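In what follows, subunit A forms one complex with subunit B and a second complex with subunit C.
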Partner chain A sequence: MINIKVKCFSQVKYALGADELTFQLDENTTSVDLEKIIRKKAGKKLNNVSLRIAINKKYQKEEIVLQNGDEVVFIPPVQGG
Partner chain B sequence: MIITPEVLNKQKNDFTIIDIRSDEERQNFPLLGLDTILSSYDESINVAGKKVLVCQFGIVTEGMIIEKNINNAFSLLGGAQAWVEYYNENKDLSRWTRQIVLPEIGIEGQKKLLNCQVSIIGMGGLGCPVAQSLVMAGIGKLKLIDDDFVSISNLHRQPLYSFQDVNKKKILAAKSKLKALNPEVRIETDDVFFDDKNGEELLLNTDVIIDATDNIKSRQRIDQISKKLKIPTVYGALFRFEGQVSILNVNGSAGYNELFPNSNTNGEDSCADAGVLSMLPAIIGNIQALEAIKLIVGINNNLIGKLLMYDGMNHKTEVIEL
Partner chain C sequence: MVIIEIINKPIKSFLITNDANQNGAELVFNGRVRGTEKGKPIQYLEYEYYEGMAEAELKLLANKVCKKFTINHLYCRHRVGKVKAGEISIHIIILSKHRKEAIKAMDWFIIKLKKNVPIWKWAILNDGTKVPSDCIHPN
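Let's turn to the complex of A and B:
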């Protein structure tokens, strides 16, 4: 098992009701798998919200296998101005 | 009391001008065009009559006059640096002396700001503080692009507008307030909605674009033109107590459409739908202005290739490398 910290901002924070969450996940869990977990946990609140992902403060364009201790931020586009 | 280089030039025969600087500073920045007497810090107190004290940046003399309670004494605002600039180029930069003294800015940085044109797309919650701070910092030319009118619901977060401005064009109300802050700033107003047809022409001759819009389509459009014209964009966006800032499209660095490809929201995150606290646009807009200043002056510690996420509820920030 691996431990992953998710830092929550914007719609993700409101959808999950937390600033920060930790997950215990199977080894070989990927960033895409984690996004599915997050979306399921949010119910319908993240429907139609596209999310980008950063792992350990680095933006990731491709799916990546998560490592124990990784810090993940999901980045939703926000449009207010 | 202080006196600016411009006023001193007009009234220099009315004063004894005392240069309290070191020999090295006098050699490097001679006070051309002024008849000065040289004096040490202590001796200058005893000079009779109206006098102007000159140090290198105008800060030592300003403090000295207050501390020693020297009568009939003025400190030259911006000091010798400001005088030399005024004498050589007929530009009085003394009002920015507190930021010119920063080694990262200096006279050269201030001149870069003065010679720069920034275009702000959207004069709402973000556009107002960005414009206000850029004008106060000494940007030479601003272009304001917006076709909206001021409404009462804008007033809690858009500080360039007051009750008297309701139903007026935002760009005109903003221009009036900004000119009051600095009468010398050049402001061009474009009463249009930024779109695919007019975007490129609107941004010609722009050095830096400020994305202060409030919808994803406009942000995508700005990004395409920013990339095509090779003009950097300082992006800012808001959500409730939070905001994002980045400098995009600098020498091939990431743009909005790479950061948020095919982006979507559920449509519930606009300021009208999600709500926004009045301070958040000011915080995020001022960070945009700060990044624009760093970009123009050439300060390398900036948000090029990075995304700042800020949460005003818990003051957590995340800087993500793009």
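Let's turn to the complex of A and C:
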């Protein structure tokens, strides 16, 4: 098993009602698998929200296998400025 | 030179002192908080950011803009936390030899910032409800 920390911002925080979540996941769980878990947990609240993924503070375009201790953020459309 | 700051206090302008006689253009942009969100009046916006990544992405963009356009300096302060309507949320200064590249660089920088830098805003409505900005509240 691996431990993963998910930090939540904006619409993800709003949908999940949490700043941060921790998951114990099977080894070989990928970023796409975790996104499915997050979307399911949110019910329908993230259905129309596009999410990019950042792992350990860097955008990750490809699906990758998560590593124990990774910090993951599903990034809804950003709004700086 | 590139200076990037994310701060949780009112924004003061940068004091430009370096090689001013080499830069014919000094372009200043201040972004301010509007008093309404989708037509509804707000008390203020609350900016949140992903600490560590937001600074890194902002710096990456600033360095890219300096390479892509022939500008000499870019200074950027982005405010987070509570920002009242009318207050400055972002302050950018670009210095270059001529105005055209500074104007192009400013536009490019802001477009990319709004696409890539993990900063978000929550609207605090007059009744105290806090909702993600641009998010349609079901109620």
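Everything that follows uses one rule, which is that the second predicted complex is superposed on the first by the 77 of 81 C-alpha atoms of A that agree within 3 Å, B and C clash if a C-alpha of one lies under 4 Å from a C-alpha of the other, contacts with A are read in each partner's own complex, and residues count from 1 in each chain.
Keep in mind that, in the parts below, contacts are C-beta pairs under 8 Å (C-beta built on N, C-alpha and C of every residue); 3 or more make two chains touch, one makes a residue touch a chain.
What you see is a predicted model; the values in this text were computed from it and never measured.
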Given the touch rule stated above, what does A:50 touch, subunit B (first), subunit C (second), both, or neither?
first
Mind telling me which of the two, subunit B or subunit C, contacts the most residues of subunit A?
B
Output check: A:58 vs subunit B and subunit C. Expected answer is one of first, second, both, neither. What do you get?
both
So the subunit A residues that subunit B and subunit C both touch are 7, 9-11, 13-14, 54, 57-59, 73, 75-81
Could you pull out which subunit A residues touch subunit C in their complex?
7, 9-11, 13-14, 54, 57-59, 73, 75-81
Could you list, by residue number, the parts of subunit B that touch subunit A in their complex?
122, 124-127, 211-216, 219, 236-240, 242-244, 259-260, 262-267, 269-271, 274, 276, 281, 307, 309, 311, 314, 316, 318-322
Complex contacts: residues of subunit A adjacent to subunit B
7, 9-11, 13-14, 19, 45-50, 52, 54, 57-59, 73, 75-81
Within the complex, which stretch of subunit C touches subunit A?
31, 47-50, 52-54, 56, 78, 89-90, 110, 113-122, 131-135
